[in-house]
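Each in structure tokens, the structures are laid out below.
Common to both upcoming complexes is chain A, partnered first by chain B, then by chain C.
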Partner chain A sequence: MSGLIDAIAGLGRRVVNSIMRMGRGNIFLFHTLMSTGIIFKEFSLLVKQMYSVGVLSIQIIAVSGLTVGMVLSLQGYNTLVDFGAEQSLGQMVALSLVREMGPVLTALLFAGRAGSALTAEIGLMKVTEQLPAMEIMAVDPYRKVIAPRFYAGVISMPLLAAIFSAIGVFGGYLVGVELLGVDAGGFWSQMQSQVGLYEDIVNGVIKSIVFGIVVTWIAVFEGFDAAPTTEGVSRATTRTVVNSAFAVLGLDFILTALMFGGA
Partner chain B sequence: MDNTEQKQPVDLLVNMENVSFSHGTRVILDGIDIQIPRGKVTTIMGPSGTGKTTALRLITGQLMPSEGVVTVDGQNVSELNRQSLFALRKRMGMMFQTGALFSDLSVFENVAFPLREHTNIPESMIRDIVIMKLQAVGLRGARDLMPSELSGGMSRRVALARTIVLDPMMILYDEPFTGQDPITVGVIMQLIRELNDSLGLTSVIVSHDVAEVSRISDRLYIISGGKVEAAGSPQELEASTSEWVQQFLNGRPDGPAKFHYPAKDYSEDLLDL
Partner chain C sequence: MFSKAKLELTVGVFVVIGLAALLFLAMKVSSFSGFSDENGYEVVANFENIGGLKVRAPVMMAGVSIGEVSQISLDTETYEARVEFLLGGQYKLPVDTSAAIFTSGLLGEQYISLEPGGDDVMLKSGDHIKLSQSAMVLEQVLGQFLFSKAAGDE
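On to the complex of A and B.
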């Protein structure tokens, strides 16, 4: 009997802790948004973070985009050729990348590469007492540390997703046209005529902006909320990657349903 | 309790009256009274995990007391809004146990950081001030190094230079001697005392290094279990008849503070009764 009560109490504790974390996360976001002014006042802080968050992520994004585009093209060709529709390969590759693969895979890769690095960096600043030291020096860590990293992530994500999709299309072209012999004119013209600016590209950009906000929010919050120990930082880094993945995949379904569900 | 302190010292910079602090259900400080006289070096000592650092954080307003009042330079810390608290913090400095240097800034930039944040003085003047502060801690020649290139003792001296760069009224030291070699301990001790006297500061040290702090402190507080066990000058505490104070000061493994964690009878435990 006492085991059952302990189990119920444990479950209750977990639920309460989760709700408290969500509350702290929202307060954290509020403080971060209230510190937005710093990125205009000290633009160099934003540029520095965009380099470490965005530019240093380009390599993994570019390589992943290229391979994903090549695989999409290969798989798509094998299906389309059975129906004599291989001319639609360009359209298929571009739509898959712009609508889904670009934003989603970029967000997942971003969480693994930049999100985990942000969490670890902020967590270690806590462990080494850099954040409390800043507070004691009457410097607001939200302005100096959190806001520049948050906005760097939010701005970088759509740009990285665009790079992913562009290089993915190029990878699709390499395999489809250069390797499998699909007509280059058909490949590009189908893509041009069937990919819409608003319904496809803008929706993809909206997705990547939403993912950018959520993934960067999770990453900086987990670092800020981490227990100030090496174990605490390690757990926080893991939570960033896992929670970001769940959030991105869940939000992707909701956004896709809203954007394309009724069409 | 061997409390020989004066009830109303002439000029108090910090006054903690009947201060309690709890974390959840765990009571960390339980109704302590600590008075920090202006211009003196005051040390808060006690065993590990007894609430010494918590006391410091209550002074800086990083934590707020569950009960009681913390007054710094006549201002009740609990009643200050964020802006006023930050204004007060600009007048105090804190040296952390790890040094807490910003790892992406050089030694020079670390020391210049508070000046850049809080003043509009020209770059040439910032350079002069930083060099003067680094000279005071003996690290003028290390200004271009990164924190990762410094030893533990050097990190703390750079942190000390950064702490005094805005000429604060008070410096708080959190375990300044922990893990340092004897030469570094000597250097830091000398710096604390000299800076306090030459700059007219008030210093508060949190430490459990009895011998070191006894030599440089004007007043000692020993806290244990969240309460002030004893207070007075180093000489007064040395002459204390309290067994607990004697055990702590002389580092005896057993006494009023037990060596063994509470457990059932040893023989019963061995026989698994």
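On to the complex of A and C.
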């Protein structure tokens, strides 16, 4: 009997804990947004974080974009050629990249490459008591540590997604036109006539901005909220990647339904 | 870690590459650059049936894209489809040019194909193309085929 009560109590504790975390997360975001001024005052802080968050992620984004574009082109060709519609290859590759693959895959890779690093870095600052030390010295860690990292992620993410899509289209062109012999004119003209600037490109950019905010928010918050132990940091890093993936995929469905849902 | 100048340079390059990728998406992948010829002129043609023709569909002559459809509406007097399309300024076409709606490939998109006439007078902005050929609607063609087949059997 007491086992059952313990189980129910444990369940309740977990629910209360996760709601508390949600509350802390939102208070944290509010504090971060209130510290926005620092990135204009000390621009070099932002530049330094843009380097570690954005520049260092280019490599994996570029390589993934190229291979995803090439695979899309290869797979799409095999299906389309049966209907004699291989001219639509460019359109298919560009639409799937710009609308879905670009923002979503970039966000997932970004969470793995940059998000986990952010969490570990901030978590370790907490373990080594750098954050409390800052507070003792009357240095606001939100301004010095959190806000620059948050905005670096928010700015980098759309740029990385754009690079991913552009390189992906190029990879699709390489395989479709150079390797499989689809007509280059048809490839580009079908793409241009079917991909709209506002409905596709701008919506894709909006998606990547939303994902950038969410992934970076989760990453810095998990680091800031990590238990100040080695184990706590490792658990926080895992949570960043898992929660970011859930958040990105869930939000993607909602955003897609809003943007392209028809009706 | 780098010196400050080098750090700023690499981040600057990153931002430039990102913006260039965005520009590439906007100009080359989407139809933003599609057809914004300032010297372009608009020509109107009426079709009995335009099938699945859409705004921004290409206008071709001899297989070369020379313009795009800018507006589609219904002519309330003749109950025909009124299609306006924009042609590049460098293309001067005779007034007796004819227009037809074709499909690229079996399931491809529909486009307007222009066939030049022999007149010396050239089309101006706002002119009407008088000779037009409707889109081939698969159901109609199938219907005609079945009808003629049935008639032939008797």
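FYI, the second predicted complex is superposed on the first by the 262 of 263 C-alpha atoms of A that agree within 3 Å, B and C clash if a C-alpha of one lies under 4 Å from a C-alpha of the other, contacts with A are read in each partner's own complex, and residues count from 1 in each chain.
Criterion: contacts are C-beta pairs under 8 Å (C-beta built on N, C-alpha and C of every residue); 3 or more make two chains touch, one makes a residue touch a chain.
Bear in mind that the values here come from a model prediction, so they are computed numbers and not experimental data.
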Touching partner for A:163 - first (chain B), second (chain C), both, neither: second
First, second, both or neither for A:115, with chain B first and chain C second: neither
Which superposed partner A:171 touches (first chain B, second chain C, both, neither): neither
Chain B versus chain C as contact partner of A:133, first or second or both or neither: first
Which superposed partner A:69 touches (first chain B, second chain C, both, neither): neither
Greater chain A contact set [chain C / chain B]: C
Residues on chain A lying within both footprints (that of chain B and that of chain C): none
In the complex, chain C residues that touch chain A: 2, 4, 7-8, 10-11, 13-15, 17-22, 24-26, 28-34, 56-58, 65, 68, 104-109
Interfacial residue positions of chain A with respect to chain C in the complex: 44, 47-48, 50-51, 54-55, 58, 83-85, 87-88, 94, 98, 156, 158-160, 162-163, 165-167, 169, 186, 188-197, 200-201, 204-205
Residues of chain B that touch chain A when the two form their complex: 60, 62, 86-87, 89-90, 92-94, 96-98, 100-103, 113-114, 117-118, 159
Parts of chain A lying in touch with chain B, wherever the complex brings them together: 124-125, 128-130, 132-133, 135-140
